[in-house]
């Protein structure tokens, strides 16, 4: 893409043998199309194709990876323009916020956010200088100028990024209006939904009841029983499939799986409808719905994803004032061997199912997930997730899982981002880290150079296409 | 051994300083005798010394490390010739199975199985080409030819492998007939048993009752009480010692240790005899028997090994159809600090005991096991086990435990294999990884070259001889 | 300092690119003053400034890092001169002990103790040869000679070590007599206390009652209620502040935090006074006192430190015979996300609080602690602690936390030592490891050389000064 001050050998080991091999492997896939099977980009951006408003709005305000770090250093969210739930005023001078961003840019040293931002500035926007307190306003102006031009419209960027397919993540009751708008437009970009039922599965939240009403409307089914609820879910999965979806996704606190009896589910569901369900009911219902989602996937072929182990909204103050997804979700110790026993025993030998499991607990890589994925034909390992989607984190993932699960029980890369402009940055980083991982193995004569070339193409393109049936 | 296409510097870091030192250290021990104090080779192989039937039977069918990976990729076990429990037919054309093995050989890229197989082909059988779909039948024929020759008889290989001593693992009621046959033959090879009481200790299994009958017969003691049971165990330990055993081994789900009162044990044992023991009884009885085995080891000098933390036969379908040890044992989160408290307090300061502890949970290396072994004189750390017996896994083991426990609270290498022909491959890999680990330390001036030479000899030969009293 | 046989590039990677950068970064901070905000040096040493009695007394007898390793190899503590609780006789011939130390010095190969001792011998005492069986007595004599000279008096060493400030750790009832003595002397060295209330907080110990009496006397408050107890604590914190303290420290088994009601605390405290408190009372009271200490820190500005997760005195035999701190404290699996939820929700957003959290459970680095510190403004991460204060351990700490928490949510180095002469050894090792960590990042173009120079100064000096308000 743009003109850049980034070192072409960045993220490769300094050792000349490894660096040379890593670079060769990287060049094999540097220009491969981006396949993005899991992420959180707002489809409205691509449906409407309006210019991004300004640099602060593009890069800082919606990205909790960015403002989380500033908040941890005592910079208030209000001063960064993060909107409040109740509409209480926050800083609106986006140039002032940008200056603060630049003043504290050094906090991202040696972090993945730092690496992604460097790519965005250098490669996407062809900014040659590194952001600092002095050049902050010049860079703001330069970015602002570019954002106004047609070259930086969302769809143009989508094409420039060479995105072959982009999956969004969409709530079960979603009518997928923006996806429809994209499909019916004359634009050829492929943007598909992913079915996420969390809102209607988690009966312990305050929004569950209204989510059920939404689901009811969307599916045109009156939901007054568990049976109707399941019909509505199946109806929506079918609709998502028609709209291009290839997968579902569930975010759960624990990956515990357990099939309840019909009577038990009906009873719990009725208590939920009456607002009397307990926390234990909620945990059991989630465990049961993981089983049900697997059954449905066996039937309709949608790839099933599980993202467990996050303590959501750990900071009550921030949650109440600014809402969810504000950088205060914290990982939990997560067990898989016992928790996935029931789902894997019922569906793990079934070749019709693809179950992709993610983790925020790196201790499960070599202990539980690699052994499970290295045995059960239905199970595959999702890539290093969230906090671990970094140079060291991705390297640890490969080092901990490859020897037991092999390369072919993994599924390539997920960018998992809501920051549209960071997509190529994340894929480029991933390709470099994988190339370096393989180069180390080649340099130690663990794998042959020819095999390494096949493997880097698998990790970049082939595995994600196959696993997600794209 | 054979002519080989393997790189002589394989598994060493690319950095020329490290590589040079690693190679020098490796050459110090490359030709040292193999001491194999823990493994699962069938003694019948060496007792009868018959030719191995064919390549598929030698390499694939009995090795769950191999077919596990194929199964995970949707290749049925039947199609790989893995025998069923009920005798239902499976593929019997071993050439057809071999072709499938070759077609999917790439799945072992960057896995320890891949590294071991490369050594077996290249060094043991002097096959120059890497196995692939095209050369599969030629290599099959070449191997088949060799297996028929006297050069590849089990005892000849044992000598060629330079095995000084090989320990098998044998159930408590085993009469050790094959060991007797070896001893009474004119062959000089040293093959010793290891006493494994799991079958008679685990009162929760369906086979316990018949195992007790076997034990009763073997010990010539009628087992109608806990007291008799203990006598029978002591009797068999004595017999195993006479037959050359130096150690015992216990595979337990949890390493929880707890001494029960005489009344409690008698009550639990009687419930077990009557078939009314609960799961809690079983867990307590195992905890108690760990204490008892330590007491006996203090008395008779047998080294005590504990292998905890595997969820055996996680896949019911596979277990029912194909039996145990079919690649579906999955590790569990395992706690040692509290669980070993009682056994270490009672026996951990006793210099007559050697307690070697293994783990499948790498998180315990630096947190629990290294601090415990770095304090209690009786406790030593077993090497990286099972899924972790790999280049990265063994490196992590050394990196996580050495700084706290030192080198001298570890016990060298265990190959732990049932695949006889893989023994030299595993020892060679271990020697290379240890040499590279030490070379990194020398290159960073953490240890001196002279010390490193002493340490590589300790890791390869001296420590295992001393720890296992060989 | 002294003449030394230590390699000037020790602990840096062999790769010439990395080594060159690491050395340049190290030279930036090699001579920076030592700021030691947390440790266990006995203030009496600096108050009295008497010569250290002899090498064995200086280096071996008081240091459980050293004799722990010997004990693990079957060398009795008695034979090492470690004093018994009941005064039962132990070896008193310090030359004989020193010879044993030298004979077994190889056990420290590749351990941090080995690296620290090498520095002490080489740099502090200018001993050119490496200790071994043959030169043991010569080196003893040489050390003995030096210890008698004024050059090696504690205060002279303090100055030679270039210590800017040294914090000791002192029990809540301590009258800080030695600190007073230092302040009122004409010596300029800055030695400050740290307030450690464990003895009066942990109501389950046998010494609690007498500790409360001591606290009562020290604070001149009769403690007959929880309310009085809190007043006494606040009184002592104030006194410690006057005496120069900037921080408090709590060693707890679990980091569970929970605010009890006034009635609950009074009831538990009364039960404790009557000697009828249960283990559950003790756990709840500790959880509550963590909340109270945070409240007080918000009010008086003392930095709050938590050191959780050690199973103290795991070996009853050793504890009974030799007392606490004898090398048998073993780490425990430790959970932070749920346990710190209450304290962080109440005080974590308060910029008046600095809460520095340590761990012995490395699995919490990337999973819990880095995400928490990367969000809550009040929380910072303490450096790699105890067993992990080593080359590999410190490297793992940086690799696991930096990408999520950044560099600026950490607080530099703590030497945490009771071995006065090891202080410069530990700081030098830390500076080298940090320099090497940063050099790897520079060599991979993850950070710029200029940023790395700023970061090594931050890690060595700036962060510790800021975090501890020094």
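A few remarks follow.
Going by the order they are written in, the chains are A, B and C; count residues from 1 in each one.
One rule holds in what follows: a residue touches a chain if its C-beta (ideal position, glycine included) is under 8 Å from a C-beta of that chain, and two chains touch if they have at least 3 such contacts.
Treat the numbers as computed from the prediction; the structure is a model and nothing was measured.
Rounded to a multiple of 5, the Cα-based rotation taking chain A onto chain C is 120 degrees. Two copies of one chain, chain B and chain C, form a contact in which under half of the residue numbers belong to both partners. Centres computed as Cα averages put chain B at a distance of 40 Å from chain C. Multi-chain contact residues of chain C, defined as those touching 2 or more other chains: 15, 363. Here chain C touches chain B in the complex through residues 6-7, 9-15, 68-69, 71-74, 106-112, 115, 130, 311, 314-318, 327-333, 360-363, 387-388, 390-393, going by the rule given at the top. Residue ranges of chain C in contact with chain A, taken from their complex: 15, 17-18, 335, 337-338, 341, 344-345, 348-349, 351, 363, 366-368, 370-377, 379, 399-400, 402-409, 440-441, 443-448, 451, 454-455.
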